[in-house]
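Reading through the C-alpha cells given below for one structure.
As written, the chains take the letters A, B and C, and residue 1 is the first residue of each chain.
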Amino acid sequence: MRKFKRSDFFPTKSNFYTKSIVKLLEEEVILNKSINNIEVNEISSLSLFRNNSIIFLEKELENSNINSNSIHVISNIENNKNYYNDITIVKNLNTTYNLIVNKLFFHEDQNGYLDEFNYINGSFISKYCNIESNVEIGRNCVISRGVKIGKNSIIKNNVVIKNSLIGSNVVICDNSSIGTTGFGFDFEKRGSLFLNPQIGIVIIEDNVHLGSCCTVDRGKIDYTFIGKNSMIDNMVHIAHNVIMGVNTCIAAQTGISGSVEIGNNVTIGGQVGLAGHIKIGENVVIAARSGVTKNIKENSVVAGFPAIDIKEWKRNLIRQRQHGH
Amino acid sequence: MRKFKRSDFFPTKSNFYTKSIVKLLEEEVILNKSINNIEVNEISSLSLFRNNSIIFLEKELENSNINSNSIHVISNIENNKNYYNDITIVKNLNTTYNLIVNKLFFHEDQNGYLDEFNYINGSFISKYCNIESNVEIGRNCVISRGVKIGKNSIIKNNVVIKNSLIGSNVVICDNSSIGTTGFGFDFEKRGSLFLNPQIGIVIIEDNVHLGSCCTVDRGKIDYTFIGKNSMIDNMVHIAHNVIMGVNTCIAAQTGISGSVEIGNNVTIGGQVGLAGHIKIGENVVIAARSGVTKNIKENSVVAGFPAIDIKEWKRNLIRQRQHGH
Amino acid sequence: MRKFKRSDFFPTKSNFYTKSIVKLLEEEVILNKSINNIEVNEISSLSLFRNNSIIFLEKELENSNINSNSIHVISNIENNKNYYNDITIVKNLNTTYNLIVNKLFFHEDQNGYLDEFNYINGSFISKYCNIESNVEIGRNCVISRGVKIGKNSIIKNNVVIKNSLIGSNVVICDNSSIGTTGFGFDFEKRGSLFLNPQIGIVIIEDNVHLGSCCTVDRGKIDYTFIGKNSMIDNMVHIAHNVIMGVNTCIAAQTGISGSVEIGNNVTIGGQVGLAGHIKIGENVVIAARSGVTKNIKENSVVAGFPAIDIKEWKRNLIRQRQHGH
C-alpha cells in the first residue's frame, strides 16, 4: 500500500485520547480495555497501519500485525478482546465509525468542509492543490484541496477532481467526477445522516485515459487505484476501494462495485458488472454484458451472468435454444 | 398527493376559456360538450385535481371523482362522453396535450423560457428560488426558478437542479441533474417538436443521499418523488413520475422507468432495470442486474430477467448449467 | 457521406510529402512504393475519399475506388501492394496512424490544442464556432471551435459540445457531452500515449432531442451521425462512427458501440447494448435489456442476450422456467 497524507485532503477537526473513548462512544460501549493512552488523529485499515490511530475490526482476528502501542482496536466481535491490549468492544461498528471519523476529520459530506479556490481560465482550482505547470485544464472544472496532477496531463471540461493523486500523461474527459463519495452506510440505518464518512482517496497512475461521464469514488479509508496505462471508456463507474492493475481496459457503461481487485492486463467489455469482494486474475477477458460475482482465475475468458468460462456459456446458450430443451 | 404551485416553476403564458376549445384544437376535435365555460390555467391528473383545469383521459373512466364544474375533460375515448358534462373528444391525445400545455405554460424545452440568475460563489442561483441560508453549494451549479432547498443540505459541484423541492440534510453529489425533462412523446410522431411538455416537478425528502452523475426527471404533470432517508448511488436514472418510499436504497447504474412505484424499505442492487407501470411492495430486495417487469409483492427477494423469486432463479440457473439439460 | 472541413475542428499542424514517408515512419516501414509525390494534409476513409490524403487499409482490398493520384495507401497487409501505385506497407497500423495523424493535426487528446473562448451568459463559447442567434444556451456550457448550431436549438446547462454540427430545433439536456473522444487504441499497446487520435466529428440533424448525461463520441475519421427527429433518453452512450437513421428512439442507459449502423424508425428500449460492426434494419424494435451482437433484419422485434426474435425468446424463457427442464 502507498502512504498518503490524509490531512492534505481531509483537514483534522480535533484529536482525542483513548482514555476518553468510553465517554466519547457512550452507550455504544460494551467493554473497554486500555493499556496505552493513545493520542488518536488517524484511522488505520488492515492494509495500512498508521500511528496514533483507531482500527475497526468487523471479524475475529487473532493473528494480525497490529502494533498495539499506537493503535487502538474497535470491534463489534467480543472475542477480539482476547487478542489485543487496547480494544473497545461496541454494539454497532458503523455508528462508532461515524462518531469517531466525524470527530477527527472535516469531509465534504458534512457541513463545514472548507476549501479555497482560484478561478483560473474558467475553472476553480484549489489554493491547496499541486498541478504541474504544463497540465491543460478545460473550462468549468473543479480541482479540490490536496489534489496532485502530474506533467502533460489533460483534464477536459466540466470535470470534478477531489481527493485524488493523478499521475503524468493522464487524460480525463468531459463531465467525469473523480474522488466522489463512496456508497457506504449501515443497511439498517439509512439516510445521509448515517453515511459512513469516506476519508480515502483516488490514485490514478501515469498514462491512464478516462472517458466522459465516469465516476471514480474515493476509498473509504485507503484508496481506489487505477494502474498505469489503463484505458477506460465513457460512463464507467468505479466504486470505493477498487484496485485495478496496469493495462486494464474497460468498455463503456461497466460498473465495478466496492473493493473489487483486478489484476494486470485485464480486458472488460461494455455494460459489465463486477460485484462482491472478488479478485480478477491477470490477463482475464470478461465479455460484454457479463455479471461477475466470483473470483476469476488468471488467463480466463468469461461471459454471462453469473459469469462462467465463455465456451461453457456458449454451449449452454445453444442448448437452451434448441427446441425441446 | 402533495400540492405544489406550478407557476413557481412554469410561468403562465396565457389562459383560455373552454368555450374557445374547439377553435383552439381545430381539426383534432371529434366532439365537444360543454355545460360550463371554464377559465383554464392548469392541468389536472387523476391523482391530483386542480380547479380551472383540463384533464386528459386515455382510458374509459366512468367512476372518477372529477369535479365537472371546474375541470374540462379531454379524451380520445369516445365513450367517455357519456360520463362527463364538460368534455372534448379528440383524435390524438398527445397532439392535443402539446397544443394546450404549450399555450398555457412556459417550459424549458421550448424557446422563451426565462429565468434570472445571481452568480454566487461560482454557481448560478435563480433570483426566484428559495435556499436555506446554511445550505452549501459547490461550484458550477445551476439552481433554477422555483427550487427550494432545506437546511443543512449539501449540493456538490456541477450539479443542475431545476423544478424541484429538496428537503433538509439532502446531499446531491457532483455532476448530477435533478428535475430534467422526462422522456414523453408520441411514438408515431417523433422529434423535439412533438415532445410532450413535462410540467411536473421533483420532490426529494429529508436526508436523501444522491450520488454522482445521476439523473432524476421531473414529473409529467405531478411529480417524481424520492422518500426520506433514501440512499442512491452513482449513475442512477430515475424517470418521470417514479414514486419511491422512505429508506429506498439503490446501487449504481440502476434505471427506473416512468411511473414505477416503489414501497418503503426497498433495496435495489446495481445495474437493475425496472420498467412498466409496476408497483414494488415494501421491504422488497431486488438483486443486482435484475430486470423487473411485473409487480413485486412485499417482502419478496427477486433476481434475474424477468425477475422472479431469487430461490427459483438460482434453481433454474443450476438446472441450465447441468450438462445435458 | 457528407463532407465537412476537418480543419474547422482540428487545425492543421503541418503537412508532408509522401516522398518523405519512409523517413517519417522509420522502422515501421516494410515496403514503400510511390509513383506520385503527394502533399498530404488529410486522411481518407473508405467511405469518404479526400484529395491529398493518406488512407489506412487493414484488410486486403483489390477493388477499391481509391484515386491513386492524390491518395497514398498505408496498410499492414502486404498483398495490398499489388493493387496500388502509391502504398506503404507497415508493421503496425495503429502506430503508423498515430504518427501520421499526430503530425498532421492538433487535437484535444494531446497537449497544444488551442481554442479561444468568449464568456457569454455563463458559458464558454468558442470564437471559432457558428451559432444561430436565437439558439438558447444555459449556464456552464462549453461550445468549442468549429461547432455549428442551427436555429431554435436549446442547449441546457453544463453541456459540452465539441467537434459537432448540430441542426435546428435540437434540444440537448443537462450535463451531456457531445463530440467527445472515441475509445480507439491498440489492444497490445495501452495507455493515453497510444490513443488513436479521433479526428472526426458528430452530426446531429434537425429536431433531435437528447437527454441528460449522454455521451456522443465523435467519429474516428468521418462522423457519428444522429438522424432527424431522433428521441434519445438520459445516460445513453453513442460511440464513434455510429450511424443512426431518422426517427430513432432510444430509452435510458442504452449503449451503442463503435460503427453500429441503425436504420430509420428503429425503437430501442432501456439498458440495451449493441456491439460489433452490425447493422440494424429499418423499423426494428429492440426490447429493453437486450444485447444485440448480430445484424437484425428490417421489421424485426428482438429481445434477450444475444438478442433473438422476441417470440422465440419468450418461448425459451417459459421452457427454462418449467420445472424439470
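A few comments on the model shown:
Going forward, a contact is a pair of C-beta atoms (placed from the backbone, for glycine too) under 8 Å apart; a residue touches a chain by one contact, two chains touch by 3 or more.
As the structure is a computational prediction, the values presented were derived from the model and not from experiment.
The rotation relating chain B to chain C, fitted on Cα atoms, amounts to 120°, rounded to the nearest 5. Interface chain A/chain B: under half of the residue numbers present appear on both copies, so the contact uses mostly different residues. Averaging C-alpha coordinates per chain places the centre of chain A 33 Å away from that of chain B. Among all residues of chain A, those that touch two or more other chains are 140, 158, 175, 213, 235, 253, 271, 320, 325. If you check the complex, the residues on chain B that touch chain A are 122, 134, 136, 138-140, 152, 154, 156-158, 169-171, 173-175, 206-209, 211-213, 228-231, 233-235, 247, 249, 251-253, 267, 269-271, 288-289, 317, 320-321, 325.
Listed in rising order, the residues of chain B touching chain C in the complex are 108-111, 113, 117, 119, 124, 140, 142, 158, 160, 162, 175-177, 180-181, 183, 185, 187, 190-193, 195, 213, 215, 217, 235, 237, 239, 253, 255, 257, 271, 273, 275, 291, 305-306, 308, 312, 316, 319-320, 325.
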